[in-house]
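Heads up, the next two complexes both have chain A, just with different partners, chain B and then chain C.
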Partner chain A sequence: MPVSQETLDEIALSRAEYEAIVDRLGREPGNLELGLFGALWSEHCGYKHTKPLLRRLPGESNRLLVAPGAENAGVIDIGDGFAIAMKIESHNHPSAVEPLQGAATGVGGIVRDIFAMGARPIALLDSLRFGMPQDNARVQFLVHGVVGGISWYGNCIGVPNVGGETWFDKSYTGNPLVNAMCVGLIENANIVSATAKKPGDLLVLVGADTGRDGIHGASGLASRTFEEQAEMRSAVQVGNPFLEKVLIEACLEAINVPGVNGMQDCGAAGLTSAAIEMAERSGMALRLDVSRVPRREEGMTPYEVMLSESQERMLLAVEEHAVPEIEALFEKWDLDATVIGHFHAGAEVEIYDGETPVSETPIEPLTSAPEYAFTAPKPEWLAKLQATDPAAPGLPPVSPADALLKMLASPNIASKRPVFRQYDHHVQTNTVVEPGGDAAVLRLKGTSRAIAVTTDCNGRLCHLDPRTGAQIAVAEACRNLACVGAEPLALTDGLNFGDPETASVQYQLVESIEGITEAANAFGIPVVSGNASLYNESAGKAIYPTPIIGALGLLEDATKHAKIAFRQQGDAIVLLGRSAPWDGPGTLAGSEFNSVFHDVATGLPSMDLNLEVRVQQLCRNLVRAGLVSSAHDCSDGGLAVSVAESAITGGLGASVTSALPDRWDAALFGEGQSRIVVSLPESELAHLKAMATELDVPVSVIGSVGGDRLTFGEASVPLTKAADAWEHGFERATTG
Partner chain B sequence: MFLARIRVSLKPTVNDPQGKTIAQALGRLGFDTIDSLRAGKYFEVRIDEYDRAAAEKKVQAMCTQLLANPVIERFDFDLDPVS
Partner chain C sequence: MKFGIVVFPGTWSERDTQYAVQDVLGQPARLIWHKETDISDCDAIVLPGGFSYGDYLRCGAIARFSPIMESVREFAGRGGPVIGICNGFQVLCEAGLLPGALVRNEHLEFRCEWVNLRIERADTIFTNTAAKGQLLRVPISHGEGNWQSDSETVRRVEDNGQVLLRYADASGNVSEATNPNGSTNGIAGIINERGNVLGLMPHPEKACETLIGGADGNVLFESMMRSATAAIRS
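Then we have the complex of A and B:
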């Protein structure tokens, strides 16, 4: 019987995709099978629009222990038997419906991805995007809900939340972005695979009961433009962080039990994707009995059990002899462990409800979603934006000093302390550099080393040029690492885009992936994991293309790090990457200044990756040699904001002495790349210059630390006034 | 003056970790015949309104805006005149 359009819409499959399923099966799929295909062929699980692009990302490094794509996340060797697993994942649509639970379960989901690999979660980061918060009650509600959900879940499970971004632009008004990144530490190279090892291995479901939460979460939410919130409400998942905490401990204990062969988290599309992908990776058939799955609700159908996205569940592949020990172990942690199926030789997934067969489907078509390749030309609207002179609006009718105060109070620039003070960033007692700087630094107990982690992406620059914008996201993330003294090792990417069936979004996707690839290659580091969230649109308008980059860096000596705060009166302030202090008007392209004062995003951002790599190397060398008192990169808000932030956090004034040019807007607030502001004793200047010459990096001594004012040429404001704007700007914009 | 007695609970299909934890704790105390348990919230609000319809409208609004989260919770209330 031909399937109705209504059914196809519900599971977000196109008519052509349905026909492809019929063709590959040689028959019509059953009702449950159709649900399996809908979930596994969704963008979230099947990556049908992004797979051909993701293959282009660099995946090579001599530090790679697990290649990207082979497991839930790539694993990076950091020496001494330690390895790091990391991944970023989106929970945008659930957070738009129910911000607190949506964000909380986003954290829970990414944490399970990481400990599924045998890694202890040691850090969380959150990259958030919202619409403009001023006088918008809905946006303010979303901000407080999302931040509340992240802090609630993260604090309960005892994983420090050490960084991320919170950034506002009207392109995210109807469709906020919530991307959570988790970093896990694996000791003694004890990496767990998400596979069964031999026929006869049993499939054991552990953790929470299964209810009707999140049915069609993967297909319904992540695959379709999100408009009618009320319709989707049955998909809301509610998290239980205390259960997750014991699940972490129980699972990390279970992997040491002989006979436990593999582990997999239940994420998007629940049992369907977890169990079937496990069978696919193992090259075996799977027989699964839904009647054995512990339920929270009565009367659930096999379809609902297979597609439920109930939280805090994991799957283990266990040899039969080990089952009693596993049951006892989970019982000790007050958790259920239930055998729900077994692996055997073959290539099908057979689903039973007790003794009744429900479906038998070959695994290969289920896990090989169609792939849509595309190359789209640059949209005309974009060519026009790029050709528009970003300096065209002229100078706004304010003084440079007042402009600085207004910039510091912009919620994109103002201190995010009101956000991160709600997160526990010291639990586990490894946090050396706290949130609020360029990157967080975490020591590795038992070694002299530390890791640094950060996330970055400026969607406005990606909007103006997806390729350059993506390069800038990678470069900035790595620059943040360089500022604390860390060498970049690996990246993870959270690709947030609009509807991939439109030409503009296709262009953005292709170009962004190229940009990430070019930049990652320039730094010689792989992209080890990632996630794609498409269809981020509301009222027919796509969000800015937002490829969020999470970066991991290594410090050989944890004590040799730098922070952003100025530390000493009389230190010289040096700009790395430029031979003169002020950049020209072209750097206003996509700048925060143009957004705040003119409400425009125009022009063409630019990036010189060769210079970038050298600037970062110089900064890292300076930090490691202990020459500099502080280091902070220039990003949103440009040079003036960078210097102001170092001054405010250090409680010391600063003076940049060169006279301001006519276009003081670009000079102070232009967002030219590859710039880092460092401070150091004057006696070390010659040393710095020699190191800069060696690496062929231009530098410019631009001023000095001291006094109680912030001065740029003729413009000057009291430090206390600047501090007030910066410290309270976020709260003032997001409350009342 | 009216007294509103407002009950808020999670919708039937929504996961209730709190209720489950309480049920488990009761089980440990020997209450071994509990079939299921759902937790909720209860509010008593005295409202200085003299018209029932106006009071009802206010309670409805405070429930949807703050006391309940309509995405995952449902509510009902009684409204009685008090002196």
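Then we have the complex of A and C:
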């Protein structure tokens, strides 16, 4: 019986994909089977358009304990029996439809990915993108909903939220981005696998009851553009952070019970994806009885049970003898633990409703979605943008001093305290460097060490050159780590792009992956996990390509770290990476300055990875040697903003003495890469210069710390005025 | 001094508190599951922070019915020292062991930040290692820390000297500008009339070492330890 177009649309499979299914099964799929294929062959679960690209990412490191893609998250050895599991994941489409629940369940989902590895979640970060908030009630609603959702869910589960970004551009107006990253700590190298170990292992579902929420979340929401989502509200899941919290504790207890062989979270595509992927990894067949799944609604069909994306559920593979202990353990936490199936020799998934067989499907075709490889030439529109001189708009009709105040008040630059003060960032008592700096630092109790974590991506630069922009995202994330004194160990990537069936997006995908690969290789670190979110479009326009990079770094000595704030009156201010203070007009390409004053993004960003690596090494050496009072990278807003932020957070003025050139816009606010601003006592300058010479890094002594003004050449503003603009800019832009 | 730290489903500050009193201050500390009732081995009880039962219904409203709470009530009734931190403060109010109630922050947002606490009395078992007027720099982390009560109770609490801690600026001044949640009279922590039960919204266990931003929170636990030693000597 030929399937109707309506049915295919509902599960987001193409006619050709349907025919491939028939071909591989040797028959027409049944109704439930079609649902399974729709979920597992969705972009979200099957990575149809990105798998061939993702294979190019570097996955090698002698610290790697779990290879990328092998499990729910990558795992990195940090010594002394400790390991870190980390991953970033998007929840863009649900957050666009229902921002509070969308963002909250995004946090819940990534946290389950991490504790499924046997890791205690120790940090969350959030990378958010919205349209321009000024006078846009819808965007302001999204900002407050998303931040409120992360606050509500994250605070309740007792995991500190220590970093991330909140960034605005009209590219994201109809399609916000909500990417959440979670970092977990594994002790005694006790990594849990998402597999059963032997035939006879039982499949145990723990946590929440199953309802009709989130059906087709993976195949539907995540594979459609924004206009198509309006009628899909029921595809958004609803979170229960209290349940998540007790589930974390119960599961981390359960992994120590002998006979518990594996654990897997129920994420996108619910039981379908979780159970079938577990069977596939185990190389065994699975028999599953949907009638045993505890429900929160009457009359649910096997199809609905298998496709539900009800939150706060996990699967365990448990040997029969251990079941009573597991039931008792979950009972203690007032949670259900129900045997719903078992693994056995074979290669099929058999689904039963009580004694009635519903479907029997070979696992291999289910878990090997088609792959679409592509290459695409550079789009013409992009070549034109790149060839446009970013300095062409000329100087705006304001003084450099007024321009600085306006830049500091831009919501992309202004302090994000109004966001992160709504997130608990102290719980678990490890936070050494708090949010608001370049990277967060978390000490590891029982050791002298600390880890550093950060996220980064400038979508505007990726728009202008996806390859260089992706390199810059990696470089900036690692630069953030260098500024706190950490050595980069691993990356996770959240790939947010538009419709992969268009040539422009295909070009962006290919180039971005190449850029990430080149930069990761330059730093010698792997990409250990990640997530791809495609079809981020509204009104037929794709978002800026936004490959968000999460980075993990290590500090051997937690006490040897730096923060961004100036600390000492009279300290010299030194720019690492340049032999003179001011950059030229080319660095206005894709700059925040050009966006704020001219509403344009033009030109060609550039990146010298070789210099970047050396600059970061120098910064790290300086911090570890305890030579510098502060370190802060130059990113959005360039040198003037970097110096201003160090001054404002330190409560100390600063003076950069060189006369401003004619193009003061580029000099102050150009966004040339590979620059870090440090401050240190003048007595240590010779030492710094010697270390810089050794690494062949240009440096420039550009000024000094002190006074109550911020001065750049002839431009000068009172520190209090700059602080007011920077501290209140975000609230002023996002309210009223 | 042996600390007993009560764990409700949804509590998340129990390990932080255990770390502060055991690893930093060298005192034995054990976690007490909320369904336990025998706490006779403990010299002090802590109801730590978190979201017991997800704060559903009202903060602390469900936890107060846990079996452990009857034992805590008896323990407090015998004069045993009890300290409720954040959610623990909310539970103590719900249980009637402390007056008033914690309602939604006035600005309706969750707040996580460092605050200065002014010590109003140094003659209690929780503050005897400090000086009156001394400031403690400690983090807060709550959405419902706004202490309110009827005017009669507020007057009684003030007149009895039951206010132990107030939100202040770096110079010790208490004003609307230093109040992070709208709490009546800038109240951050109160004791019962007998002086052996303390509830406070800020998290002293999160300020236990300079590496993580400060160690001022230890003052409260160290004072409890000193009182216990003094009690044994007398």
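We adopt the following convention: the second predicted complex is superposed on the first by the 733 of 736 C-alpha atoms of A that agree within 3 Å, B and C clash if a C-alpha of one lies under 4 Å from a C-alpha of the other, contacts with A are read in each partner's own complex, and residues count from 1 in each chain.
The working rule: a residue touches a chain if its C-beta (ideal position, glycine included) is under 8 Å from a C-beta of that chain, and two chains touch if they have at least 3 such contacts.
Note that the structure is a prediction, hence the values are computed from the model and not measured.
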With chain A superposed, do chain B and chain C clash or fit? fit
A:673 in the overlay: touching chain B, chain C, both, or neither? Say first, second, both or neither. neither
Return first, second, both or neither, reflecting whether A:175 touches chain B, chain C, both chains, or no partner chain. neither
What is the angle, as a multiple of 10 degrees, that the CA centres of chain B and chain C span when seen from the CA centre of chain A? 60
With both complexes overlaid on chain A, does A:213 touch chain B (first), chain C (second), both or neither? first
Examine A:423 and indicate which partner it touches, taking first as chain B and second as chain C; both and neither are also allowed. second
Going by the touch definition up top, name the partner, chain B or chain C, that contacts more of chain A. C
Looking at the overlay, does A:242 come into contact with chain B only (first), chain C only (second), both, or neither? both
Between chain B and chain C, whom does A:157 touch in the aligned arrangement: first, second, both, or neither? second
Touching A:296, do we find chain B (first), chain C (second), both, or neither? first
Is A:311 touching anything from chain B or chain C once the two structures are fitted on A? First, second, both or neither. first
To be precise, I mean the smallest distance between any C-alpha of chain B and any C-alpha of chain C in the superposed model; what is it in Å? 6
Contacts on chain A seen with chain B and repeated with chain C across the two complexes: 240, 242-243, 334
Can you tell me which positions in chain B touch chain A when the two form their complex? 10, 12-17, 20-21, 24, 69, 71-72
Under the touch definition given earlier, write down the residues of chain A that touch chain B in their complex. 97-98, 101, 208-209, 211-213, 229, 233-234, 236-240, 242-243, 296-297, 310-311, 334
Which bits of chain C are touching chain A when the two form their complex? 9-10, 12-13, 15-16, 19-20, 23, 33, 50-51, 53-56, 109-113, 139, 141, 143, 203, 205-206, 208-209, 211-213
Write out the stretch or stretches of chain A touching chain C in their complex. 151-152, 155-158, 240-243, 245-246, 332-334, 420-432, 434, 443, 445, 558-559
